[in-house]
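After the structure tokens below, expect a handful of questions from me.
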Amino acid sequence: MSKKLVSLFLAMLMVFSMTSVLADDAAVTVTDMYGREITLAEPATRIVALQPSDCEILCAIGCEEALVGIGQYCDYPASITSLPKVQSGKETNIEEILNLNPQVVLMNDMSQSEDQVKQLEDNGVKVVISTTSDIASIYTAIRMIGTLMGKDENAEALIADIQATCDEIRAKTEGNEKSVYFEISPPPYLYSCGSTSFTHELAEICGLKNIFGDQADPWLMISDEQVIERNPDYIILMNGMGAEGIDEIIARDGWGDITAIKDKNIYYDGTSMMTRPGPRLKDAVIELYNFVYGDEAEEVPAA
Amino acid sequence: MQKSRLLLRERFSPVTYLFLSIALFLTMVLCICVGSVRITFSDTVTAVWNAVWGLPIPQNIAKNIILNVRLPRVLCVTLAGASLSICGAAMQGLLRNPLADGSTMGVSSGAALGAIIAIVIGFTIPGSAYGGTMIMAMAFAFGSLILILSLAYALDRSLSTSSIILIGVIFTMFISSIISLLITFCSDHTRSLSYWTLGSFSGVNYDQVKLLFLALLLCGGVLFRFSPELNAFAISEDNARHIGVNVKRVKLIIMITVSVLIGVCVSISGTVSFVGLVMPHIARMLVGPNHKRLLPASLFSGAIFLLLADLVARTLLSPIELSIGVVTSMVGAVAFVIIFNKTRKAR
Amino acid sequence: MLQGEHITVRYGSFTVVEDLSFHLEEGQWLMLAGPNGAGKSTLIETIAQGTPYTGSIRWKGEDIRSLKPSELARKIGVLAQKNNVGYAYTVEEVVGLGRYAYKSGLFSGRDDDGKAEVEKALEITGLSELRHASMLTLSGGEMQRVFLAQVFAQNPQVLVLDEPANHLDLKYQQHIFSLIREWLKEPGRAVLSVVHDLSLARRYGTHAVLLDHGKTVSQGLIADVMTPENLKQVYGMDVYAWMREMLSQWQEPSQPDAGI
């Protein structure tokens, strides 16, 4: 009887100790933004990130060393551009990714096919899907990548920092009624952004009304008549035309009476921070705030 | 039986032209009055009327939208529709091929490639904002036409309907792969390059209207002058030679004229497909195949068609714009099948 | 009037017409005869400047290559063997194009006798009734008459005809051939034609060139060319015996028509 008890106790002890070994292990489990659960034996140390925003998040939480390869369009921060570049998108180069021998590939769900994902996973590479579009999804992505890399505290600190800046500016600009027009592509294919875009939220934080905020699509081809009709107070150009874009928009026939053009309230964004839903959102908000309120309010220093 | 064949008598009368010009005028008025932004009819008329007579325009009227955005666009669309349509009519006559057209044969794609190359290599002509792309578009349109025709001759001396179309399709695919290649290698231009193949009249101005008007006046005049020769070619190239047409020279002149006109259109609006294919057929139903009547009728019907297509593109999903190429292709593809089927049955 | 000297036509390495010479003088009707593939139609196309050749073709001593196409068309009217139309032109429009060579100048469509010539051409070919008919609705014979009318409207000095009787029924065969013979009676005119039917050739021709595989077998007066020996050499059969046998079918119940 007591023998039995002792053996039972020992068995229980064993089980307990085993589970405690498992729990104590460095294994990480994340739910990616596609709802899939991915478990790694330990936080990733070799990672390929195909999306520019994911690269920026990795660097912002102090994991730049873990990056072993980047997607072809990744360009920020400048220090990562010397890393091996991999074709991304529809023609994602699986061979090159495998050659870099990463534990994890971070990619979006836009053009990569399920077959490509399967091919990577069959070869022992974990695929984590990260899709950022609005600010909430940026926070989700930062948390997810933080867990993946074992840098949860850094991730939370980053989010808190961004949130603090946003809240500060939101408070300062409360009650502003000015409107803004974002131009992503010049005529004849005039593109702007609607309410589901990250850019729209930027405007909101700075107390600006996106003139195409009544449209749901993130990007849309719009009528030039509508821009004139909606008469924005500010124009933000991200249309790839360089600084000359400002002269070009001023010279457009029929646009002369738009308030933003009359008052020369046109800003050209040569960086990608206002179009890329990533951690530089903080810089973008500051930039936009300084452009709009720079003359009257005290500047918010860029971090 | 004899009676049924006399249908062609009096099928044409000056009334047809009167009807066509009234229809064009009404369509233009409609397109100026209706747009993505709602402006009342009386405001529109006041703005245009006062502008024409140099009178001051009341402050409360959105004169910028009417006079500087919508009017130049409507004029540009009218001229481009007319130009593309007479080019199609001329090519269908010259090649005796009812499916010939700048877009089906790949001439428009060639012109687009020329314009893109001009942008990539930074080819400009001092003093003219559009000169560089325009010249390159014309040169490439002509080069493509020569290339396609010599290829077609090499494969099939009779230049049959299907062999030209086949080569046109292959050529268009070839050109679009080159365009993709250029876009890959010149990613800093990506934005301005990748949209060339869609076609749009958004943001056109009066300078472009003037250019198109000049091109249409000149090239249209030349084509109209050559309508007897086009008739002869439409019957057959051999017949043209037998009645004394200088076959080589006339062919060259018409091909250059068509290339210039297509080049100008493409450099302004990108490639707009199917106008030149479909509208000459409608015109032929109205006035018969004689180019003396067919060319003016194509001119009117092409303008009306493109105006309506642009109206749909501008207003259907307002404030979102559709690409005009999307609208013309949808209508055109269906028409293409009908025409192809009809010509096959006719043989 | 029209003179061909050492004409040679090659398609690649294949020689279609070899070193052919001919003379056509005022008032003559020169028949080109020979079996299929002898190069008759090619010679017609050569005269129409529709195919590259070596040698020369002269109009009253002048190389026709130096003539403007419209000048040539006013001198020589060509009827091709195959004619078809892709669009619904009217008969009148097609015949009217025969006047093209007379409309000179950049924008002038002036051609004062044009209307009368077209009218006459429509009438003599029996097409006045069909003038507004669409070309797409015509029968083969009607189509042939339209293009004949076009050549007549062109009012040339020499007619060069490839199978003018193509698709024509008997009535129009006789009609057209008599018409051409009438036309020929005016001074300063001549005819050169390919006629497959040897009886027709013999009946209307004054002179002949007999061709075989692109080479001239015999030429001269029609009677001297169309001898039993020459025809046997070219066609590989006794043409005379065959023709006689054909005619013998027509002795009952009535007399054979001499014209056909």
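So that you can tell them apart, the chains are marked A, B and C in the order they are listed, and the count of residues begins at 1 in each.
The rule we apply is simple: contacts are C-beta pairs under 8 Å (C-beta built on N, C-alpha and C of every residue); 3 or more make two chains touch, one makes a residue touch a chain.
Given the structure is predicted, the values throughout are model-derived calculations rather than measurements.
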Chain labels contacting chain A and also chain B | none
Greatest Cα-centre separation from chain C belongs to chain A
Closest to the centroid of all CA atoms, by its own CA mean, is chain B
Could you grab the centroid distance between chain B and chain C? Build each centroid from C-alpha atoms only and quote it in angstrom.
-> 42
Inter-centroid spacing, chain C versus chain A (mean Cα positions, whole Å) = 81
Contacts with 2+ other chains: residues of chain C | none
Note: chain B residues in touch with at least two other chains are none
Which residues does chain A have that touch at least 2 chains other than itself?
-> none
Touching residues (chain side chain C, partner chain B) in the complex | 48-50, 68-74, 77-80, 83-90, 93-94, 97-98, 100-101, 103, 106-107, 109, 129-130, 132-134, 136-137, 147, 150-151, 154
In the complex, go through chain B and note every residue touching chain C.
-> 2, 4-9, 93, 96-98, 225, 228-229, 231-232, 234-236, 238-239, 241-247, 284, 288-290, 346
Chain B partner contacts - residues on chain A that touch it in the complex | 185-190, 212, 215, 217, 220-226, 228-229, 239-241, 252-257
In the complex formed with chain A, which residues of chain B make contact?
-> 35-37, 62, 64-65, 67-70, 72, 188, 190-192, 195, 198, 200-206, 269-270, 314, 318-323
